[in-house]
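Each of the next two complexes has chain A plus one more chain, namely chain B in the first and chain C in the second.
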Partner chain A sequence: MTVARRLVGFNLLTACVLGVGGWYAGWYGAHAVVGPSLDYFGDIDFNELSLVLAYLGGVLGFLIGLGFLNYPISRMRGYPPSLREKETGGVGRYFGLCTDHKVVGIQYLIGIGFFFFIGGLNAMLIRTELLRPDHQVWPAGTYLTLVGLHGTMMMGMFTSGILGPFGNYLIPILIGARRMAFPRIEALTFWLLMAGGVILETTVFFGGFPTGWTGYQPLGTQANPGMDCYYLFFALVGISMTLLGINMIATIVTMRAPGLTWSRLPIFVWGVLSTSALMVLAAPVLIATLLMALLDRTAQTNFFIPSQGGSPYLYENLFWFFGHPEVYVLALPGFAIVLEILPVFARKPLWGYRLAVAGLLGVSLLSFFVWQHHLFVSGINADLRPFYMFSTELISIPTGFTFICGMMTLWRGRIRYSVPMLFCLSWFFNFLIGGLTGVFLSDTPSDTTTHGSFFTMAHFHYTIMGGLVFAFFAGIYYWVPKMTGFQLNERLGKIHFWTMFILFNSTFFPLFIAGFLGQPRRVVTYAHNLQFINDWVSVSAFLLGGSMLVFLYNFVKSLVFDRVPAPADPWGSKSIEWQLPSPVPVHNFDRIPVFSGDPYGYGEGTGPFPIPAGAPAGMN
Partner chain B sequence: MATPAAAAPASERRDHGKRVVIAWIVLSVIATPLVVLVLGPQLPPGHATVQAAGQVVDNTVLTAIVTPVVCLLAVFFVYALSQFRHTGGALVDGPPLRNDNRVQVLWIVITSVTVLFLAAFGTYELLQDGSGGGQGPNPIALPSGPKLQIQVIGQQWEFTYRYPSYGGVETPQLVLPANTQIELHVTSLDVIHSFWAYELGVKADANPGVDNIAFVKTKGPLTFHVRCAELCGLWHGYMFNTGRVVPASQFASWVKGQERDFAPVAKYLPRYSTIYLPDPQRRAG
Partner chain C sequence: MTELAQHTTDYEIVEGEAPEVLARNLSAASQLLASATAFFFVAFLFAYFYLRSLDNAGLWKPKHVDASVTWGTIVTFLFVASAILVRFGAVDQKADRRPAWRLKGVIALACGLVALVLQCVAWTQQSFGPADGGYASVFFGWTAFLFLFVLGTMLWLEMTLATSFRYGKQPMGEAAVAPGHASGDPGRMGHDIRNPVALNTAELLALSFYWTFLAGIAVVSWIILYLV
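After this line comes the complex of A and B, so read on.
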């Protein structure tokens, strides 16, 4: 009886039913209004407007099914404000709208992890095609769709890859609060992202899309209806990013506990703050750009169609004005996680705290002034190339701050090589290679050859996979015991680390050489003399996929089957989240803590934070 | 802020900093010339044109700057991770070093000087001859002397070439005279392509409605490869071809032959123009 009642409540099942219903309502509704097709092919049902409205209807139905309208409606009917959504206990919380920031954090971890594995599978399929220089495993259109799906899924989903799981889970705890500033918006960001992920995958039913993750115009205008899925996915990601950023900034600025001054904030919080600033400033540009592109396809506008007065340059400018800050949205949380974890395992305070903060803020500021380095050979603003070369190279100064702070934190420490620490240390290796190859790309003369080649592709895989994904796994091994209350297997973790580290380098380092030798990105064929390199890379990539399976095995085995309870503070950290029980209780703190210092007092004789302190309970 | 050496335990009194710096200098002094001499000649895109050779110089200088940085981090991490390794179960705290202004200032000065040098050197190299990159309709890096104009037209999914000084003749293969300053006008008929002639050291996006100019000065005869370097749709992967640099006399006879072959179809083609705007396009199928 209760089971049946649970199934018809506002949960994931209802959401899916209403989502599909909304999809068909939008589809047939639009057909009824505008007729069967706006396009040349009356016999083929290429009705773009219907498709877009169908997806919007689907998203709306999905959100209503999850219960996002319940609160506004009950408020309109005169009920007092409440946070009822988080009171329902049990596993059911994870399958619906929940305003507990810890539940949302775990939802993000599982949801983004799921799409990360799908994106990784797409990469395997791409590498299968590239085993042979001219033999076609996939039809050319399928291959381009795989390239686009891999790139878009990774770039879109992983914008929230660290802020989603670890930001949502940890930020309120780290600043001594009981919840985020806007708990329902927090839940909304997650479910928008999931709806977007499903929409992107459904592009395969509508012919896929040929543009890769950049969606350049006018190629995007002439593409199949599957292109609309790309626009809707990225627009939903943009909305989710904007809301997530606003929520994080509001929380960090207004909800810090007494005593937690700006100079005592954990560096991870600074990282989240600077990333959120980037999200709030950059993502709305993306949403507007994609709306313009959608109008070009559905409402016959001509923003980007050159033969009718539009400009593809406009799209390139707008896209990269978002796109370059976006890659720092991916990279900065990685910097922050590394600097947060290093002091714990080096048993030393974070060296040069102010310099580290300046590095994070400096990177986020400069990232808005470099976007045209993606357009060095495009013929746009040729006289601005020296400026963009200079501003791009300037970014290496604040990035260097992160390096020196991390290195000096290790200096004369008592370094323990636990799994999270290994991932953090490998970050330095990977990001060094990624950063130094970036120097070649930022240098305009050198960029003439490397631009748009596999060199570029290897470069950003070193910065994003080597920087972000390694930090992401560091975060998982470090914080999942706190989030779930169960330890991850250390031995399997080390196997995962070493296989991943070696195979990652074995996969991506040869691609620098392939790029130097003249292999362009996103091609289905390549020169015969590059076959050995490509085969080597493909085999390494498959094995790298196997390394991910080791992680998956460890994750499931440790958390589902072994269930070894984690102690409250397995790493000997002085940060506040480790002074709470694992997993953290629903209301985080019985009494709001009062901070008396930063969490890096190793070797200074100060103990960890005293949690029960003076402020009255129930402040938040 | 640094802890005085006297306060540290005996094992900490060794001068770690001096050791790392000396090892770094020794390694850099050995590695940098080695890398420049061994790796430098292998760096792309070769010496077939003036622009390509300029890029090789540029790549070599960048590699020479990058090598000491790699050496520093390699020495630092090998030393730190082996020397400061903690074994045994008990947690022991390290010295609470929170800051050192000298290290900070030194680091900021070194990185800033490097960055300023890189930007200045890159700008100098760029403004000499444009380094083979597309410069848009109003190029800023103009090589001196007479130039042979050639138009590169990208379309889904091939490049064709027009020679305005030879009656606008259009050919499917790019043939260039040796030892000549070439002015390439890159444009597109449909979507964005990118004209990449690897051995020539030329890359310029082909934008519809835009005349994107790149310069290249050829040297001796060779065969080079042309590929599209910007995703342009279904058969992007097959958008490649070869081109030739031939002696001037051979070029003259080749282009004369092309003009003769081209004459019957010339009247069906649009007149030579820096850009062509095709019909409003929708789908390509």
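After this line comes the complex of A and C, so read on.
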């Protein structure tokens, strides 16, 4: 009886059923409005509206099934505000609407990890095709769809790759709060992202999309109905990003515990704050842009159709106004994780705290003034090039601030080479290469020859995978003992690190050479003299995928089978999250703590966070 | 003790958060939401000037494309009137003149909804459609999404009004609301917010700020789309 009642309640199963029902309701509803035909695939070429409304109906049904409309409806009936849904224990809370920020953080970790895995598989398929210079494995259209799926999934999902799991889990704890500002919205951001991920994958049923992750016009207007899946996915990601950013900023600004002044804020919180500011301001432009594209495809508007008074360059400009800050949405949390973890393993205070904060804020600000460097070879007015070249190169200064702060923190430190630290150290190497090669792309003359080649592709993999994904894994190894109460296997972790680090460089460094030799991105064939490089890269990529399996094995083995309890503070950190039991109790603190020191006082006494006016839940 | 029982115990310990915390959350969030909204419409503003300056194929604004100033003025006037009424209503609510706020709130809601209906009528009365060039695209896109933003704001206004009506006779600060009503958890032992009805004022202030900001965007839209 209990099981049956759970099955018919508001949960993931109900959400999936209503999601499918909503999809069909939208599909048939649109046909009822715009045409008599109900032929499933036969008429989608001339009825984009039915597909868009089908997905919108599906998302609405999904959210209804999870119970997201219950609260707004009760508010419309006049009931007063409340903070949380009914909270239960057990595994079931991970499969539905849960307003505990720690559960949402773990939901994000698993959900994003799942789509990261799919994105990685797409990369393997791409590299399979590139084993031979003439395309043989996939038709060219399928290859382009694979490239698009890989790029879009990674770029879209990883906008919340660190803020989702670690931001949601840790920010309330790090600032001494019991919750996020808006717990239901926090949960909504996660489920919107999951709905979006499913929508993107279903593009394969509607012909895929040929544009890569940027969705450029006029290709986007002319593409298969699968293109609609791309636009809907990214629009949902944009909504999720905006809400996540608003929630994070509101939480940090209004819910810091007494004594936690701005100058005592952990650097990770500063990183989240600056990233959130980018999300709140850049993501709405993306949403508007994608909605314009959808209107062009469904409502006969002409935003991007030059023969009808529109312009494809409008899309390019608007997309990159979001797109370049997006790069920093991905990179800044990586900076922040590295700067947060380094002092723990160097046993030294963070060097140049204020300089690091200035670096994070400076990057955020400048990232809005560089977007046209993506259009250097796309017909931009030549007089504008020097300004955007200068502003792009200027951004290396605040980036350098964070780099210097990290390096100086290591200087004369008593460094422990634990797994999180290894990932942090590799970040310096990877991001340095990514940053230096970025100068070539910001410089107009060299960009003219490298733009659109594998050089660009190698550059952003060094910045995004080298900068973000390595920091992401540092965060996983560092905080999973806190999140789960169990330690990950150190030896397997080191095997994972070394294989990933070596194979990552073995995969992406040769692509700089391929790019210099003229291999273009998103083209299924290449010159025969480049086969050796491509084969090398493909084999390295397959092995790199294998190193991820080592992580997966470690994760499952350590958390499901071995379950070795983690010590209370396995890394000797002085940060407040390690003063709480692992995993952290539902409401974090029985009483709100009072902060009275800085979080990086290593070698300066026993602990920076004496909590005289409150104690962690379960500790008193 | 099982994990669930332990969590439940912890949960009950912390019931009764001071309403001032959520009030601060709402105030900050309304300003952040306004920022996000501004950047959303900046994309349309950029599209307007970009396409207008290019005038591709001479189809920025063909001769027959001429948006009705009358319709635009009426709709914008009603948006602004609604926002002003909510602003004055918030002043009444702060001064504990709640009947006066509710009257203004109802009129503001009516103004907003009538404006939305008239916007729908206005679309059908224009001399052009969305396919008639760059201006037409911007016009229909911009007004359509402004419509959706205003609709969402009217839902928020309705929620605030509904709470005010339901608990209107209780003195502020002493509301006797059954725990868990709004949370979907009738078995809840206590409120997660102490005296949640006291939040009505904070919510109204946040709403008033956002609605005024959105009405400002509507005025800018009116100037750009109808007058320039």
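By definition in this document, the second predicted complex is superposed on the first by the 587 of 620 C-alpha atoms of A that agree within 3 Å, B and C clash if a C-alpha of one lies under 4 Å from a C-alpha of the other, contacts with A are read in each partner's own complex, and residues count from 1 in each chain.
To be clear about the criterion, a residue touches a chain if its C-beta (ideal position, glycine included) is under 8 Å from a C-beta of that chain, and two chains touch if they have at least 3 such contacts.
None of these values were measured; they are calculated from a predicted model.
Engineer: Specify the outcome, clash or fit, for chain B and chain C once both structures are aligned onto chain A.
Structural biologist: On the shared chain A, the partners fit.
Engineer: According to the stated criteria, A:144 is in contact with first (chain B), second (chain C), both, or neither; which is it?
Structural biologist: first
Engineer: Would you sort A:255 into first (chain B), second (chain C), both or neither based on which partner it touches?
Structural biologist: second
Engineer: In the superposed arrangement, which partner chain does A:514 touch: chain B (first), chain C (second), both, or neither?
Structural biologist: Neither partner.
Engineer: For A:432, using the defined touch cut-off, is the partner it touches chain B, chain C, both, or neither? Pick first, second, both or neither.
Structural biologist: So A:432 only meets chain B here.
Engineer: Just checking: does A:306 make contact with chain B only, chain C only, both, or neither of them? Give me first, second, both or neither.
Structural biologist: both
Engineer: For chain A, which side has the bigger count of touched residues, chain B or chain C?
Structural biologist: Answer, by number of touched residues of chain A: B.
Engineer: Who does A:292 touch here: chain B (first), chain C (second), both, or neither?
Structural biologist: A:292 sits against chain C, while chain B stays out of touch.
Engineer: Once both structures sit on top of one another, what is the angle chain B-chain A-chain C taken between CA centres, to the nearest 10 degrees?
Structural biologist: With chain A as the vertex, chain B and chain C sit 110 degrees apart.
Engineer: Please work out whether A:366 is in contact with chain B alone, chain C alone, both, or neither, and reply first, second, both or neither.
Structural biologist: After superposing on A, A:366 lies clear of both chain B and chain C.
Engineer: Could you tell me if A:404 is touching chain B, chain C, both of them or neither one (first, second, both, neither)?
Structural biologist: first
Engineer: Just to be sure I read the superposition right, which of the two partners does A:548 touch: chain B = first, chain C = second, or both, or neither?
Structural biologist: After superposition on chain A, A:548 lies in contact with neither partner.
Engineer: How many Å separate the nearest C-alpha atoms of chain B and chain C in the overlaid structures?
Structural biologist: Minimum C-alpha separation, chain B to chain C: 8 Å.
Engineer: Following superposition on chain A, which residues of chain A contact chain B and also contact chain C?
Structural biologist: Residues 306-308, 311, 313, which sit in both footprints.
Engineer: Quick check: in the complex, which residue numbers of chain A touch chain B?
Structural biologist: Listed in rising order, the residues of chain A that touch chain B are 39-41, 46, 140-141, 143-144, 147, 210-212, 214, 216-219, 221-224, 305-308, 311-313, 346-353, 355, 375-383, 385-386, 389-390, 393-394, 396-397, 400-401, 403-404, 407-408, 410-417, 425, 428-429, 432, 436, 439-440, 442-449, 451-453, 516-518, 520-527, 572, 601-604.
Engineer: Over in the complex, which chain C residues touch chain A? Could you list them?
Structural biologist: Answer in residue numbers: 2-8, 10-11, 13-14, 17, 21-22, 24-25, 27-29, 32-33, 35-37, 39-44, 46-47, 50-51, 54-60, 129-131, 133-138, 140-141, 144-145, 155, 158-159, 162-163, 165-167, 175, 177, 180-185, 187-188, 191-193, 196-197, 199-200, 203.
Engineer: How about chain B: which of its residues touch chain A in the complex?
Structural biologist: Listed in rising order, the residues of chain B that touch chain A are 12, 16, 43-45, 51, 54-55, 58-59, 62, 65-66, 69-70, 73, 76-77, 80-81, 84-86, 91-100, 103-104, 107-108, 111-112, 114-115, 118-119, 122-123, 125-127, 131-140, 186, 190-192, 194, 196, 198, 201-205, 207-210, 212-214, 225, 227-238, 240, 277-284.
Engineer: In their shared complex, at which residues does chain A touch chain C?
Structural biologist: 67, 70-72, 74-90, 178, 181-182, 242, 245-247, 249-251, 253-255, 280-285, 287-289, 291-292, 295-296, 299-303, 306-311, 313-314, 317-318, 321, 585-587, 590, 617-618
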